[in-house]
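Each structure below appears as structure tokens.
Same chain, two partners: chain A is paired with chain B first, then with chain C.
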Partner chain A sequence: MKIININKADWNTGLKKTADGYRLIGPVMDQGFYLFKPLESGKVPDMGFTNTRLSAKGIIYPQSQTLFNYSLDPNREDHHLLTEPEDAHQLTVVIGIRPCDAAAFVQVKRNFDAPDYQDPYWLSAYENTVLVGLACDQPGSTCFCTTAGGGPYHEDALDVLLVDEDDQYLARVVSEKGAAFLAKAGWTETADNDLVMKTIATRKEAAENRISSTIKTNNLADAETMAIYDAPFWDDVAFACINCGTCTYLCPTCWCFDIQDETHGMSGQRMRSWDSCMFPLFTLHGSGHNPRGQKVQRVRQRFMHKLKYYVDKYEAGIQCVGCGRCVDQCPVNIDIRKVCELMNNAGKQSVTCAA
Partner chain B sequence: MENPYLPYPVRIDNIITETEDKNLKTFKFVFLNPEDEAKFDYHAGQFAELSIAGKGEIPIGIASSPTEKGFVMFTVNKVGLVSSHLHAMKEGDIMGIRGPLGNWFPWETLKGKNVVIIGGGFAFTTLRASIIHMLAHRDQFGDITVVYGARTPGMLLYREELAQWEKRDDIDMHITVDSTDDPDWKYNTGFVPTITEQKAPPGDENTYAIICGPPIMIKFTQPVLDKNGYHPENMIMSLENRMKCGIGMCGRCNVGRHFVCKDGPVFTLGQLNRMPKEY
Partner chain C sequence: MIGYIDKIKQISKQILEDCKVDMVIGFRRGTVPMMNEPCVAKTEDDVDQFVWDGHCGINLANYLMGRKEKIGIVAKGCDTRNIVTHIIENKIDRDQLYIIGVPCKGMIDRRQVNNRFEGVREVIDQGDTVKIIGADFEEKLDKTDLLQSNCATCTHPNPVIHDELVGDPVEVPTDIDQWADVRKIEAMSTEDKWGYFDDLLKECIRCYACRNACPLCYCPTCFVDESTPQWVGKSQDPIDVRTFHFLRAFHCAGRCTDCGACERACPVGINMRVFTQKLEKDCYDLYGWEAGLTTDVRPPLDTYRADDPEEFIK
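Our next item is the complex of A and B:
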């Protein structure tokens, strides 16, 4: 694989050169927390972060977006008809996305790019985005990516992986999209030699060893769904939950959404917005009946979806990249690593029973 | 790329108030672009999202049969924002239909079989579609039995058609009401489970029941069928859950790993017995 050496002295000027072809997004400090934001002209990404407070999912999948426009004005020929907004997806590059957040897009893509239906909004944004990742040398204390199918140097979901090496970035070129971006920035100095390869390998191993937290998922796929669903621990797991939805909001792999029409005067938009399985309204029937009306049912849904239903549906692992945000920011300390252990053990028992 | 969220534009061609409480209306829609009718290629048992700009969408079972051409028909209960607005709309108004969505009753499996249709209240819509479909292909099926009940005679849907089917000898009709003070009422009186017990043929491997109705009706009909020898895989149900996208993406209507909107709404009782009861 090709490696490009980017001297940090050329970093800002290189980024500036790409501005006429790409919309730049990168990590910035905002009111005490890191988050991904469009980099206005001349602004540079702040690469000194552990992880952003919110995931990068909003770059591809905005918290709110317009699906259609409509007019209710009877004098217009197209009144009450829905029209698609112009696909204004500019070629976008995300600088400094962590490998976990990039891996989340691969998991979420299975939902939006199904064999029978494709979501044009998500896919158009994804296809027009270049992911220039930043390897994690100082993972957070709640990170468990190495047992969630990824790793601090995981590059499969990226277009470029940057490795921070003193006064330079060693850029592993993963895709054609990534190569085109690096060329546009004028970064062309190849560094494919054994010493560089060894440097990266050493750093990768050191970073992986810094991940102290792990999960076990080995029994989930073979377990009986109902054995985990009916397990006795759900009341305990859900006891402290306040259904605030912070976990789903932060999660890079949570994709559930709502659709609502918003009318202003005679015109409006059909909007799509993030929604959450933590909210009772999410499943409330018109009749008043609610299949997940109780908190414990909603908490169970979130974990069953991520760690069992998704596993069974796609046979490609869990719906979690181990970014640790929900563990870190849950106001009542519900910990997906502990819940995963309970579920995995319940699964083990159900497999044993079946045999 | 096809946009699966974009409805076909339609015009309301006809509105009928079905029931004495005026809470159920049947809407016939005509596609504004005639070529869309061919694209809307559906099977009895499927549903669609009825879309009203400025209000939103509701998932409703298709009450017409694919053998009926030139229109699609839906019977809608007045419940929430969209259905209430729809009830206030007029013939000629423009709206949208998105679909067809979901799976359908297993017509290939049902070929050559006896079919027992058991319906209650306003859940008779896709059952009407099914009856029209079966009568149009009458030689493909064995005996067809229908048990359909409502609270009162005035709450029955499609009363003219029910009366016509009563007169036929190739479909065994058992209409019932919970109670009535009409001295001229010539059909059954009693709840659907009771009438099912009295009238439905015994279950065997060649007999399938399709059951749609309120939860209370299903709860008491199921043991009757069990007792009568119906295998869980021969009992076919159609589920409802809150929906938005209708294409298995928005995440709310799942029952376990299955989405009611895409993997359903039709499931056998055998399948439901292996799934969480989140519907």
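Our next item is the complex of A and C:
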């Protein structure tokens, strides 16, 4: 695999060159925490972050998105026609995305790009996005990516993986999309592969060793679904939950949405916005019946979906990349690592009983 | 304050043993620094999980509403004021409760600590000082410098209603200007205020953590969730975001105890307390009212008196 040397002295000028053709997005510090934001007119990404407060999912799947506009006003030329929003996704590059956030797109893609249904909005955004990742040398204390199918140097979901090495970035070129972006920036100096591969391997190992938090998921797939569903711990897990949307909105792998028409007079737009299984409204039927009317049912749903239903349906591991955001930001300290342990243990018992 | 826990455990075990209550609501040690988790103890063994220190900022009154059991609850000054409000608003019956009152010296501002120190692994409340431990550092700071902003200006640290206290009442500060921040905003021009509010709310993700952490927000269906008619849009449109925050604040007028639960819960660090504090201040200026101090007087906004001030009607 090709590795390009990017001298940090050429970093800003290179990024500037790509602004003609790419919309640049990168980590920016504002109000005391990092977020991915468009890098307008020469603004540079601040690469000194651990994790952004919100994941990168909103870049491809915005919290609120106009799907189309419409009008029933006969005086308008485009009446009774659906028109696409003008800002449909342009070619975008995400600078400094962490391997965990990139891996989340692969997990989410299984839902938005299923054999029977393909979501054109998500897919066109995904296809038009280049993920230039930044290897994670200082993982946070709640990060558990290495036991959630990833790692701080995990590059499978990226187009480029940057390794921060003193006064340069070592850029591993993972895809054609990534190569095209690097070429556009004028970064072409090939590194001495054997030497830098050793450097990267050493740094990778050191970073992995810094991950102090782990989960066990080995029993989840074989477990009886109902043994976990009916396990006695859910009331205790759910007691503190206030049913806010923090965990689901900060999560890079939560994908649920709500669709609404916003009408003004005779015109309007169809919007889709993130939704959350923590909200009572999420499953409220038109009849007034709510199949998940109680808090404990909603809390159980979130964890069952991520750690059991997804596991069974896609046979590709859990729906979690171990970024630790929900653990860090839950206002009442509900911790997916702890819940995963309970579920995995309950699963183990069910497997033993069946045998 | 750190010495309270033995007494909390002793009372909790006693009232469970005496069948005075079916459960006790308190805190257990959290899994991340500065976070204790609200939990329920139904047995004496459960009680052994209980902890008490400066990381118990979540308002436990939020966990009482609509419960039918007899409940013991560990409650700080602000929690008890919200319990009073619940009793006034018929959300819980006084006879159902055994209130274990905790005189409070303030809660540690988690956000401030995390902003000031990188990679915090453990934060130990030592009473007047706080020890902050990271991977490669250890710092000791005065607790007064690390308090949540609402705790730093708290004028009711002692429980206003209780069945038992776990310690002597703490000294109540008298030289505090609770509303300095509100006055600053009041003094702004209309244009500057809009600018300030827009900036304040620009990162809101409408997760409703502020609303759900608030003991006052218990409407069966919140106005933002109503669909017939729909009062507020669902998107990130700034008008909808503002509408949510403004209306929620107005809904808390004369009821808010400035417990700080909303601000503490916010994942993106919005200080929405400036809205509720403004209304708290108005209620004080107009009616001399502070919420949650007594069950004997109806709050000003749910009663009418002939001598209510009316200068604001023009």
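Everything below uses one rule, namely that the second predicted complex is superposed on the first by the 340 of 355 C-alpha atoms of A that agree within 3 Å, B and C clash if a C-alpha of one lies under 4 Å from a C-alpha of the other, contacts with A are read in each partner's own complex, and residues count from 1 in each chain.
Keep in mind that, in the parts below, a contact is a pair of C-beta atoms (placed from the backbone, for glycine too) under 8 Å apart; a residue touches a chain by one contact, two chains touch by 3 or more.
Quick caveat, the model's predicted, so the values are computed rather than measured.
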Exercise. Superposed on chain A, are chain B and chain C clashing or fitting side by side?
Worked result: fit
Problem set entry | Which of chain B and chain C A:Q260 touches, first, second, both or neither | both
For this session: Please indicate which partner A:E127 is in contact with in the superposed arrangement: first for chain B, second for chain C, both, or neither.
Result: neither
Exercise. Should A:P291 be classified as contacting the first partner (chain B), the second (chain C), both, or neither?
Worked result: first
For this session: Calculate the angle at chain A, using C-alpha centres, between the directions toward chain B and chain C; round to the nearest 10 degrees.
Result: 90
For this session: Could you look at A:D113 and tell me whether it touches chain B, chain C, both or neither (first, second, both, neither)?
Result: neither
For this session: Kindly classify A:L35 by the partners it touches after superposition: chain B alone (first), chain C alone (second), both, or neither?
Result: second
For this session: Check the residue A:E84 against both partner chains and state whether it touches chain B (first), chain C (second), both, or neither.
Result: first
Exercise. Can A:D73 be said to touch chain B (first), chain C (second), both, or neither?
Worked result: neither
Seminar exercise, completed: Smallest inter-chain Cα gap (chain B/chain C, superposed on A) in whole Å equals 6
Problem set entry | On chain A, the residue positions that both chain B and chain C contact, one per complex | 258, 260
Exercise. Which of the residues in chain A end up touching chain C in this complex?
Worked result: 30-33, 35, 50, 53-54, 63-64, 138, 140-142, 236, 239-240, 242-246, 248-250, 258, 260, 262, 271, 273, 276, 279-281, 327-335, 337-338
Exercise. Across the complex, what residues on chain B touch chain A?
Worked result: 1-7, 9, 51-57, 79-80, 83, 93-96, 215, 240-242, 244-245, 247-257, 262, 274-279
Exercise. Touching chain A in the complex: which residues of chain C?
Worked result: 30-32, 35-40, 58, 62-63, 111, 115, 118-119, 121, 203, 205-209, 211-213, 225, 233-237, 264-269
For this session: Could you please specify the touching residues of chain A with respect to chain B in the complex?
Result: 67-68, 70, 72, 79-82, 84, 111-112, 114, 116-120, 123-124, 225-226, 229, 255-261, 263, 268, 270, 275, 277, 282-287, 289, 291-292, 297, 301, 304-305, 308-310, 312-313
